[in-house]
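Both complexes below contain chain A, partnered by chain B and then by chain C.
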Partner chain A sequence: MQRYILRRVLQAIPLLIGITVLVFALVHAAPGSPLAQFEFNPNIKPEDIARIRANLGLDRPLYEQYLRWVGGMLRGDFGVSMITGRPVIERINERLGNTLILSVAALILALVVSIPVGVYSAVRRGKAFDNAATVLSTAGQAIPAFWLGLVCILIFAVEFKDWGLPAFPSGGIISTGKPFSLGDMLWHLILPSFVLALGFIAQWTRYIRSSMLEALGQDYVRTAQAKGLNDHVVIFGHALRNGLIPFVTLIGLALPLLFSGALIIEVIFSWPGIGRLAYDAATERDYTTIMGLVTITAAIVIIGNLVADIAYGILDPRIRYD
Partner chain B sequence: MAITDNTGDFTGTTATSVTPQAFAVPARKSQGFWARGMRRFRRNKIAMVSAAIFILLVLMALGADVISANVTHKKYSDQSLINAFKPPLSPGYILGSDDLGRDVLTRIVYGARVSLSVAALTVLIALTIGTLIGLLAGYYGGLTDNILMRFVDIIIALPGLFILILIATFFSPNVVVLSIVIASLSWTGISRLVRGEVMSVKARDYVDAARAVGASNTRILWRHVLPNVINVMIVWASLTVGGIILTEAALSYLSFGIQPPVPSWGNMLSNSQQYIYRSVSLVIIPGFFIFITVLAVNLMGNGLRDALDPRSKD
Partner chain C sequence: MKRVVIAFAALLIVMLAVAACSSSTSSTPAQAPAQPAAQVTAPAAQAPAAQATAPAAAKAAEQPKAAAKGGQIVEVRFADAKTLNSLLANDTASTDSLALLGNGLVWINPKDLLPTAQLATKWDISPDGKTYTFTLRDDVKFHDGVKFTADDVKYTYELALDEKLNSPRRTDLSVIDTITVKSPTEIEFKLKNVKADFLVSNASYQILPKHILEKMTAEQINTADFNTKSPVYTGPFKFKEWVKDDHLTLEANPDYFLGKPNVDQYIFKVVKDGNVVAAQLKTGEADYGQYEAPMVAEMQKQDNVTNYAYDTFNFDFYTLNLDPARTTMFQDKKVRQALLYGLDRQAMVQSIMFGQGSVANASEPVLSWAYNPNTQPQYSYDPKKAEQLLDEAGWKKGADGIREKDGKKMSFQCWTNAGNKVRENYVTVMQEQWKQIGVDMTPKLEEWNAFLDRLTKTHDFDCFLVGFVWNVDPNQRTMFHTDSYKGGFNMAKYSNPELDKILDDALLTTDVAKRKELYFKMQQIIAEDLPVTIIDFPKQPAAVSKKVVNLVPNAANFRYEAYKWGLTPQ
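Now for the complex of A and B:
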């Protein structure tokens, strides 16, 4: 087991290096240079431009610039924003927590809905509930999340207010001008986390349904039924426990999608997370900030997958470790 | 692995042409893999209805000019501020007009053209890259396989939209550029599928036989291996188009995709949030078209999977 964990960790390192190389290459392949704004300014002398270039380290060979960038990140220095001049890591730090709140809320919501619905669909296969769940999850996979976000704002924020119902906030993380309270934040969290979760609910319900169907057809389930255990114990104690094991990997694989989804949701609901930051940075061509964001999110994804892999190894003793 | 057994008669399309007369059963013509797949597909009512809806949408996209000239009598960029925010079914504006008084229906049909071309082109590019990498990795194995698959791992770990908006800032995206950008992150799924198929196909006797008579690697890959992964490619493509339409719409919505005044279903929604208090239909209509298209394509894809991939079951 320890060797398995060690091997997975060692495999993650070249992956991380590969990602930093890719991001670095991508930004350097970008047309135009960060100094273009000076080069076309008649009031700036060529020697000044050369000095700025040297100050920024842009006159160095590419591999040296890359090593300096990676070395800095290892020490927690992601450079400074090309627009605001503030350290990138500061900007990311103040936003990352908000994105994690949104993502974790969506993940929990997705699990809490998709597991029971998937299990019940499988148990009552072909019945009305199963058919309704199938139709809804098929539709759920086809709905553009950003559109659903807009429609939710339209109904629950705009129309609810018109109808005199308690309207949800159309955006933001807390009510402006009020002191912070947990209830207020949760109230702001409901719409965005639901919209972010919907795609996963749709997909995971299908997945859990089919893996439950498979588990329910196994010999150990028939044995459990044959020895007279009640349905509840068989379904939850035997079938579900085994049916959920591969699901752990699926959650790990969902992480990149979760971050991508969070980006859109944060833009629609003005949620001050790293997705919104990436969107603003891209709009302002703030490459250092984007490079930092991509590297950090990719690192989180890799670590998440690593944890999922290890959890899978622990949950399923049939896994061989060599 | 029933899949490769079935594809064995792919090159002969209908088995009758290669079956000696003595064995031919006259009562019912035996069918090839594709004919049987098509029959299974035609029996699937949901898939057939979805295919019909999808064909309608494609016709709408192709006929955008005709609709613009004969039905709406407007171009997609015609503005008329005095006619802004017309509700649907207003005289002259069948689906209403937007904040600049542009006809929504005209923009929807041209938007269909943009969204569907991006989706089709993206799938083609992603199929090409992914199949090539999957073929090479699966066929050659060893170090080639290892390097290529680690590259796939890297692309998969990237948070897609973050990279897409980064790349999109480098260019001013049009249909072709946007397709290349989206495809550059979308090919990983098919490369893994093709790799897996190739690994099982290359161990088969007919591949050994081809090698024994002196066929080159290129010829084996092209003539003996590729035809056996085509059904996997078709199923993957049909199940991926929907996601690509959603990605394009999301990028255009974030204003990193197709740029106005050229309409795409995504960028038609960009402004709608701003005018959400004035016009509900501006929010509803483009999203509805995205939804219907993706739904139709996904259900069609499910049908194709059930028809062409004998291993799959619900």
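Now for the complex of A and C:
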């Protein structure tokens, strides 16, 4: 097991290097540059743009820029944003917490809803509950998050206020101009985490239902039933444990989302998370911020997948690491 | 491991594709990078007798109302500030914030668009127009209590001229020859040559505190904490808290030299989605905000806000390539005139801009004192005239209805930036309308950066549509002068020696009346020649809560007298 983990970690190093080289090449190949903010402005002269380009070191050969960036990163220095001049690591840090609050809340909500619904649908296959769950989850996958988010704001923030009901805030993490309080933050968290969770719920319910159906058809389940175990034990003790294994892969794939943020939800609900930072960095061509974000997210994804792989072994004793 | 690679491929694609599909996530129109809205340029100051025509600014002339003491005003905006260093700021959000934090030597009075005293109480200009002597206020303190003097002014301007500072204003300021501190309240600027707009273009940057920044090099100031964590200026509001991309809180400066602001706090809140901006103005979560034209009808139903639609210095235009090396389709000005006669711009403004704008009759912004609304011809929609002009120019309709000349069809592509709904709709309507006069135009959408390269570097276009946020100063040399093909924005490669001379002369005089005459002449030539075609002058819709008094949005300088903003007395 330790050897397996060590090997995976060692394998991750060339992977990370490859990713940084690829991203560096891609962002520099994209049209525009951090200096685009000064372009197409009747007041700013080409001399100014050229001077600032040199000040930022963007006039140096690409390999030199890359090596300088790697050198800094190895010393734990991700550089400063080419747009705001602030340290990249500071920019990421101040967002990461916000993103985690939203995505963890959504993930928990999604798990709490999708597992029971998926299991029950499989057990009651073809019955009214299953059919209703199928229709709703298909609809849930088809509804775009930005639309649902806006509708939620319109109903629960704007109309509720008009009707004199306790209205939800239409965005933000805490009430503007008020000191922080946990209750206030949870109140702000309800709408965005629900909208973000809905997509996962819709998708995961389907997955859990079908993998449960498969598990319920397995020989060991029939054996357990034949032994006269009650349904409860068969479903939760035997079928669910095995039925969840493919689902672990799905959660593993969802892990990067925890950290990379959900851009659309963050935009609609004015939630200052990593998604918006990444979006702005990409549109502004803020090379250093993009590189910092990708490197850190890459490391997190690699770790997330390693954790998922280890989780297989815990859930399925047939899996051996060597 | 394969999964990891796939996850990454997806991540990379998202990160890079995000820029290419900016319209999908937000309805905010992607506009040309914003200009400093607060640091405006205006008619030459030394001629206060000149009549500034400022129709839209007239509303600001209302008498201030009594306001309650205390409370807060929340402004909602689409973007967060990037820096609170007045020399580095370049985007609207940053310069707007700075206008509340700091003061320049002078700034614009929105009532008449003329420069008015701020840190300087008066200024004298030598007869040759090259020496400016400012007398400064003696009662101004920085937010940390240190007294403001002429040394701070000298320091600020010398820092701006430092090559290592990443300020985009250096070249514009390089007209300054020497800066001499005569006394703590008197400073003299000697210019290398006459600069008609010096006072209003260059004397309005917020003055920085020398005592805080002087220990640092310009290079260190580029990334200093001062810019984002601890800015110190002289203005009506002090920096309190900035949660990036969420809100920026300013608090009243009790020692402000014009008096303590009425409100205790002024908060800028970032909301990226246009629908949500409107929602927050409706619910009262925000007290003031600009919103998008499609929301106008809905916002006007709200009885808790006062709606405004103010004129701006913006315009949208299309350019036809006049470089014979690229195409000879548009060399004949009759063709260019015909294309404009073939457009029903009134209908375009009505349907696409939701009526939030007006048809442009000349090249200067509608708010400018140099704008001549009576420039002829006016090019009202006249498809018959368009067809006649094309016939005269030798473009005859072929069997397929498309005009041709010497075996070449009048068929071209027109580029615009993807994600800007107004422009996307404009090119679509232009395609339809031009088709009716036998011109085959295909709209092409492109991501902003690639689009800019096409316009200014590769010049790989027959036609493009874009917009500018112009200055208050009417100098349009960079759009029309022959020299501006390289390093400027004469992207059509237009060249007219007569116009070149007018543009140069208008910069050498500080006499507003004379400049106005020259710019009227310029607009006449441009209306006739159409080297570029200005389509419209957009208006900016905005809403102010009825709880708030004395806050009147305008494009010239609406942070003017912000200390008088307040809440309605209960």
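Following the convention adopted for this analysis, the second predicted complex is superposed on the first by the 275 of 322 C-alpha atoms of A that agree within 3 Å, B and C clash if a C-alpha of one lies under 4 Å from a C-alpha of the other, contacts with A are read in each partner's own complex, and residues count from 1 in each chain.
The definition used in the following text is that a residue touches a chain if its C-beta (ideal position, glycine included) is under 8 Å from a C-beta of that chain, and two chains touch if they have at least 3 such contacts.
Values in this document were obtained by computation on a predicted structure and should not be read as measured data.
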In the overlaid three-chain picture, which partner chain does A:151 touch, first (chain B) or second (chain C), both, or neither?
first
Partner chain in contact with A:161 - chain B first, chain C second, else both or neither:
second
Of chain B and chain C, which one contacts the greater number of residues in chain A?
C
Could you say whether A:210 touches chain B, chain C, both of them, or neither, answering first, second, both or neither?
first
Given the touch rule stated above, what does A:14 touch, chain B (first), chain C (second), both, or neither?
first
Touched partner set for A:91, first chain B, second chain C, both or neither:
second
If you stack the two complexes on chain A, which partner ends up touching A:141: first (chain B), second (chain C), both, or neither?
first
After the superposition on A, what does A:260 contact: first (chain B), second (chain C), both or neither?
both
Classify the contacts of A:218 with the two partner chains as first (chain B alone), second (chain C alone), both, or neither.
neither
Taking the contacts chain A makes with chain B in one complex and with chain C in the other, which residues are shared?
15, 19, 22, 26-27, 30-31, 146, 150, 153-154, 158, 253, 256, 260, 263-264, 267-268, 278-279, 282-283, 285, 290, 293-294, 297-298, 301-302, 305
Which chain C residues qualify as touching chain A in the complex?
1, 3-5, 7-8, 11-12, 14-16, 18-19, 22, 25-26, 32-33, 35-36, 72, 74, 82-83, 88, 90-91, 163-164, 166-172, 201, 219, 222-224, 227-228, 243-247, 249, 265, 267, 269-273, 275-276, 279-280, 282-283, 285, 447-450, 452-453, 455-456, 466, 468, 470-471, 478-479, 487, 489
Over in the complex, which chain A residues touch chain C? Could you list them?
11, 15, 19, 22-23, 26-27, 30-33, 36-49, 51-52, 55-56, 80, 83-87, 91, 94-95, 146, 150, 153-154, 157-158, 161, 167, 169-173, 176-177, 249, 252-253, 256, 260, 263-264, 267-270, 272, 276-280, 282-283, 285, 290, 293-294, 297-298, 301-302, 305
The answer for chain A against chain B in the complex is residues 14-15, 18-19, 22, 26-27, 29-31, 138-139, 141-148, 150-151, 153-154, 158, 210, 253, 256-257, 259-261, 263-264, 267-268, 275, 278-279, 282-283, 285, 287, 290, 293-294, 297-298, 301-302, 305
With touch defined as at the start, can you tell me which chain B residues reach chain A in the complex?
150-151, 153-154, 156-163, 165-171, 242, 246, 249-250, 253-256, 269, 272-273, 276-277, 280, 283-284, 286-287, 290-291, 294-295, 298-299, 314
